[in-house]
Amino acid sequence: MIRVENLVKSFGGFRAVDDASLCIETGSITGLIGPNGAGKSTLFNVIAGVHEPTAGRVTMDGEDITGLKPHELFHKGLLRTFQIAHEFPSLTVRENLMMVPPDQPGETLWNTWFGRRKIRDSEAELLKKADEVLDFLTISHLRDEKAGNLSGGQKKLLELGRTMMVEAKIVFLDEVGAGVNRTLLNTIGDAIVRLNKERGYTFCVIEHDMDFIGRLCDPVIVMAEGRVLAQGSADHIMENEAVIEAYLGTGLKNKVKAEEVTEDALHEDHGAQPGLGDEAGKGTAQ
Amino acid sequence: MDFLNALVAITNYVIIPATAYGAQLALGALGVTLVYSILRFSNFAHGDTMAFGTGVVILITWGFQAMGISFGPLPTALLALPFGIVITSALMLGTDKVVYQYYRKVKAAPVVMVMVSVGVMFIMNALTRFLIGVDQINFADGARFVINARQWREMTGMSEPLTLRSTQVITVVTAILVVWALFWFLGRTRTGKSMRAFSDNEDLALLSGIDPNRVVAVTWIITGALATIAGTLYGLDKSFKAFTYFQLLLPIFASAIVGGIGNPVGAIAGGFVISFSEVGLTYAWKKVVTYLIPNWEPDGLVQLLSTDYKYAVSFTILILVLIFKPTGLFKGKIV
Amino acid sequence: MSYLDARDMTGGYGKADILNSCTLTVDKGEIAVIVGPNGAGKSTAMKAVFGMLNLREGRVTLDGVDITALSPQDRVKKGMGFVPQVNNVFPTMSVEENLEMGAFIRDDDFKVAMEQVFTLFPILKDKRRQNAGELSGGQRQQVAVGRALMTQPKLLMLDEPTAGVSPIVMDELFDRIIEVARTGISILMVEQNARQALEIADKGYVLVQGENKYTDTGKALMADPEVRRTFLGG
Amino acid sequence: DDVKMGVLLGFTGPLESLAPGMAKGAEMAIKEVSESGKLLGGDTVTPIEADSTCVDAAAATAAGETLVTSDKVSGIVGAMCSGATTAVLQNVAMANGMVMISPSATSPALTTLPDDGLFFRTAPSDARQGDVMADEILEKGIKSVAVTYTNNDYGKGLADSFEKAYEAKGGKVTISAAHEDGKGDYSAEVGSLASAGGDALVIAGYVDQGGSGILRGALDTGAFSKFVFPDGMVSQTLQDNFGSEINGSFGQLPDSAGQGMQTYLGMAKAAGYDGSSAYSGGSYDAAALIMLAMEAANSTDPKVYKDKIMDIANGPGEKIYPGELAKGLELIKEGKPIDYEGATAIKLIGNGEAAGTFREIEIKDGKIETVKYR
Amino acid sequence: MSTARQADAAAGGRLRAPLFFALMAGLIVLEGMTSGWNSALGILNMGLLSAIMALGVNMQWGYAGLFNAGAMGFVALGGLAPVLISMPPTPGAFKAGGFGILAAFAVAAIAVIGAVWLYRTLRGKLRGLAVAAVLIVGFFTFRWLFDPAVDAIEAINPSAAGNLGGLGLPTLVSWPVGALLAAGAAWLVGKIALGLRSDYLAIATLGIAEIVVAVLKNEQWLDRGVLNVNGIPRPWPVPYEIDLQNSHAFVTKMQAWGIDPTLGSTITVKLAFLLLFVIVIFALIWLTEMSLRSPWGRMMRAIRDNEVSAAAMGKNVTRRHLQIFVLGSAVIGLAGAMMISLDGQMTPSSYNPLRYTFIVLVMVIVGGSGSNWGSILGGVLIWYVWVKAGDWGPDMMAILASPFPAGPFKEHMIDSAAHMRMLVMGIILLGVLRFSPRGLLPEK
């Protein structure tokens, strides 16, 4: 469905995305992982039309969508959420949802003066839909709260909720899980699966929580230093040496405090993974 | 010879005046940019602060002159300048206490702050006029010229005059010193860095143990100093008139924004872009052309646009810069 | 009495109280972790401890001294460090300057501390001259934690330090936190990566609607099936 | 009774520094009459100042409106600038039948503006000054000049009338460029003027406005060494600030020889202000004319006394000079005709504007010296 | 209707808006009692015009967060309409230079369009050269056609005309035309500056405003420049005072009511203007309130809150910005045209940014940004203060100066009284901002 070909995005001289090619299949929930600064968000932003690519192209169902504006992509059914929540702070939670659907009759000035009836009908419908979404997200009690007053996690939920107001084809989720309570994250995970199954949404998910990725995503794409490092099923990826070295790591070294891990074991770990882990080891040793 | 004459004409009528004017704009723009980046609002009162500071300097200069104190070939006003800075900065601090502080406390939106500064502008406007009246005042004394037209003609035998006023030299030298000092202060000293930190993220600055009151106070002191210096240099080079300083606000803001508002380097570059475009693009090139192309005297003035559109031209340039280089010449900060 | 003792905190942003008689204590060298659903008031509790919220009731003592009335800057001087959940870097200052600002109240040489931060987060060394605003989400988080470590505080408060950081960095971060705690510094943190966090915690708080719902050792909370199911995602 | 008289001048705004001298002039006349106790059998007159701001037509109208409708003035000295004057005349004076005598509005357009006989000015139209200036320059043998004017109806009107007269008489204007008042920097303007060249520079501006800025720039850069100064430039300030730098330059201004002006200057000096400041004498005359006309018509109703103004100003009868207002009032009361000369040797022509005698000046040894009158 | 809504939201509760409007009315009535109804109505009329300007600025700033720092330019452009529409044509002017000017502008338009087209189609070095060539050739052709035409027009009866003159149509027609002129300019500015960073719009509008006024001041062929245009006809049905005073019927009626006919005539005229203005204001309020309280308003608020996010939610931010910017400017232009027909003259040099940009912004903020009724209140109130401050100044100064002994200092103080207007304005502005920072009638 979405095909990214040889995409490059540089900031000044720095190539945040460096000749990345990948593909998101229709109906999949594709995971996108990688170390901090790998270029995941940048890739999202290029696909979603926030940044112009330096080179390369993006197609959706065979149609070239490189460089289209965000609102144009929205109309093609491509939606996204933000890593840092982008709610409309002075609108109420409900209004945040109701504003989403496109081409509402009430968005034309003419109708606001001479088409009140049309507006009334469409508003009633939107209201119903918004309340359903709020129920689904378990934040109905906040419906009349200004969105700016929500807590960090609540804002994330709201972001997801907005994608549910329309029939999207593909939804890009940038770290929905960060800062979200794990129980709630499971709920979100369920929601994603349900949207995927029932409404046929395709998802592309950036997330650092491997449980979440493992439970939801197939395939998983790993990026590092602007490039695609590996690709495959979640289990497959989690065993990939390169991915472990660059991204996953091997767990806490200082867990000694909770469990008795010997100093030796620690050093063994290091032996196995030189590089990042090694340097970090020196750091902790100081 | 003709080529030299052409060169001298351009230097005399375009390069020298535009450089001095540009330096004055740059100093003004620095003040605006500083307040914008650290206190996060466009300070519309800056022009009138400049007027006030200059007014104080003039009063003190008169005092000195009455006491018979002078500064050799340099203008006495330079001696009065430090006192002017102290008084103006004190006024800035007072204004902050009485007016701005409250809005910071309630975390007012930037536009509210802008409006507040418009209110302060009105008051400063009246204050300056109460202080020193509305008349034009010349307060430059000491040697007027480094090179004057007659000397130049006698010296070189050229038909084109070249003049360099001492105030122009003083302006540029002072501007360079001030800019250097400011950059050193902001980039290298702890207080300077804490000011930038505060401008970036007020809450986090608090969490790092930075005292916001100190940052704000230092900002106002520097702003007061910059305004007084810029205003005095401008007044020395041209003349003082309260109303002019309000009008100066426009090119000052233009300078700050062309350069990238919030960025000190940008403010300086912007000052020169505005001054050179104002002077250069409305210059009538007739004389220069006559020198350069022998045996041809153009009928017209060979002027792109009449000086009526001086301001319009500089704004057009401004808009073009913004279209083709949307971040301003140097990346500014968006609040 | 514990090193930090915030007792019966009650207050909020406007009309309604967000915190309802919430109590948090940390001993010297101890790691205390706050978990709870979104909107429970965890961040609010942290802000309250740091003096960024007006408390209607309750008081905060540090090392036996009542600091309820102190301003945040003064609390920094008393040895408290805080990494907020959002807006936790100086975006137009370089990474290096961000760290320097962390050491603002220190008069001694902070070069050593900075080197330590760089070894902990190597990527920051590469990016030391880049503005923090141009970093990726996870990199920023590292800068934020680094900045707080620069203060060399006696009490370090972290609001979701691992949100958005990759697993490998998260592990490093937790490692470093344990180390820091071992040197006698108290740690109070909010975490949504609750299982990892509780694993290293000496003490865990489950906050619900601004109230202490469960308080126990980290292990005990992890072992409680009810807590696991409702708050830790099974 | 107490008669109220409006003094509507641009106290704030771009010409704020000219207004005080003018207000003082008008108020001196008012005081003189009041203290004499001879107006309409002992009426006193109170001046009411109002701010026409010079350029803001709306504010000027509002100020005029207030004067007429709430302060209930019986006459207005003002307004100051031609633009504001036109606004107040059309919107306030004509609607309410109020007499206005402007000491300083000199735009040629005011000559033909319909005014229901309510508007007069003690200054001549700039159409005339342009002509006088052209003659003067040509007599000195200067055949080509550059012109710069303050960009308002006064400056433009004067520059246009001058250019027309000068070129008709065989001179050449190399450039006629406007300058805005109130700016500090005139480098661009001076550069263009210099490039256009010419044997002298005509500065149709204001001396404590852009005019000085241009002059300063032209002198400093060595662009011109000879200048021509019309009315807006000739003042003490010019002499104080430029002195011998402008030796050999010359100019002219609407002014009269003679004793009226001398007396007025003396009176002003005694009262502690500078009577030679532009249009100060004219303001005195404007106020005096209104009050004398009231006496002549035996009424303070502008619709009545407006018809007497021309008679008072143009004689025949005994000549009345500044300081002699009491005498004037007495004579009128006795039914004798008077010819008000005032400070500026008033003679009203046509629709009620000064015919205008002009004083030619030249700068010699750093002093403004009168050469002759024409 | 919405008065109630806003009042509800405001801290003072339901009664806030009616209270403030009653206060405003009270001030006007007080003015009428103390200084005469002419003065009161004069202030009210100008106040209402200012209120319309404030409405326009509020649409841009309050609804969409667009900082228009050039209201003055749109006011001035609107003011051009009555000159071009309702003044009588200058005989012979069109023949002398009208065609030349039209041709010149046609050339300019072709050159600009051509340059844009080349810029879009060509690439590389050639592009710069070609664009520059087209622009330079275009510029010189333009000047070649334009200059002689202008000279020809300006030569016609310069002391009274010297311009093209108007079409001689009714003045009411010129109002919507004023709105159109402003809208056209706004469209152009918007096309260039919208979609870039937000503070660029401020500077672009600031610049455009200066350019517009510079053009109006210097293009004599268009509007006589600084020579001003006088005697612009009044809109139907506003009569002339003189006609009323000469009308027997009117005079007898006034006398029957015991009113001085002159006074009566001036008041009648002002009331007629007032009626027109009130009609326009109510129409505007109705239109804007309807839109604001609909999904359109919700969308605008969302865009104002977060443009990036609104774009990701499928809203075409740039187009919406352009829409509101053009509409707001049209309203400002409308006010500009109305003002010129109230003044009866066009004086380009009276457009100064303090009065037409800053004070209008102050009106919006004092009223409460985002709130239409707030703009109306702010417009009238601030104008009232602006006018009255001129009167209060000297009185206040007299009081301040009274304790000092007569002498130069006291004289200096009294002389400075005129500047009290600025001081009073500043104090009032700061007072409102201090004690009611979201404005007197805040948006809900």
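Labels for the chains are A, B, C, D and E, by order of writing; each one numbers its residues from 1.
Convention: contacts are C-beta pairs under 8 Å (C-beta built on N, C-alpha and C of every residue); 3 or more make two chains touch, one makes a residue touch a chain.
Computed from a predicted model, the values in this text were never measured in an experiment.
Enquirer: Touching chain D and chain E alike: which chains?
Expert: Under the touch definition, chain D and chain E have B as mutual neighbours.
Enquirer: Quick check: which two chains are joined by the most contacting C-beta pairs?
Expert: That would be the chain pair A-C.
Enquirer: Name the chain whose C-alpha centroid is most distant from the C-alpha centroid of chain E.
Expert: The chain lying farthest from chain E is C.
Enquirer: Nearest whole angstrom, what separates the Cα centre of chain B from the Cα centre of chain D?
Expert: 36
Enquirer: So what's the Cα centroid distance for chain A and chain B, whole Å?
Expert: 48
Enquirer: Using mean CA coordinates as chain centres, what's the gap between chain B and chain E in Å?
Expert: One centre to the other, that is 31 Å.
Enquirer: Hunt down the residues of chain B that sit against at least two other chains at once, touch-wise.
Expert: 133, 306, 308
Enquirer: Where does chain E touch two or more other chains at once, residue-wise?
Expert: In chain E, the residues touching two or more other chains are 217-218, 415, 419, 421-422.
Enquirer: Quick one: which residues in chain C touch 2 or more of the other chains?
Expert: Chain C, residues with two or more chain partners: not present.
Enquirer: So which chains actually touch one another? I want all the pairs, not just one.
Expert: In this structure, the chains touch in these pairs: A-C, A-E, B-C, B-D, B-E, D-E.
Enquirer: Show which residues of chain D lie in contact with chain B when the two form their complex.
Expert: By the definition above, chain D touches chain B via 13-14, 16-17, 151, 175, 177-180, 182-185, 187-192, 194-197, 208-209, 212-213, 216-217, 220-223, 237, 241.
Enquirer: Inside the complex, what are the residues of chain A that reach chain E?
Expert: 48, 50, 69-71, 74-75, 79-80, 82, 86-91, 95-96, 98-100, 102, 104-109, 111-113, 116, 119, 122-123, 162, 166
Enquirer: Flag every residue of chain C that touches chain A in the complex, lowest number first.
Expert: Per the stated touch rule, the residues are 13, 35-40, 43, 85-86, 116, 119-120, 122-123, 134-139, 141-142, 160, 163-172, 174-176, 178-179, 181-182, 192-196, 199-200, 218-219, 229-234.
Enquirer: Along chain B, where are the residues that touch chain E in the complex?
Expert: 44, 99, 102-103, 106, 108, 111-112, 115-116, 118-123, 125-127, 129-130, 133, 246, 250, 253-254, 257, 261, 306, 308-309, 311-312, 315-316, 318-319, 322-323, 326-327, 334
Enquirer: Can you check the complex and tell me which residues of chain B touch chain D?
Expert: By the definition above, chain B touches chain D via 9, 12-14, 17-18, 21, 133-136, 138, 145, 148-150, 152-153, 161-163, 165, 234, 238-239, 241, 243-245, 247-248, 278-279, 282-288, 301, 303, 306-308, 310.
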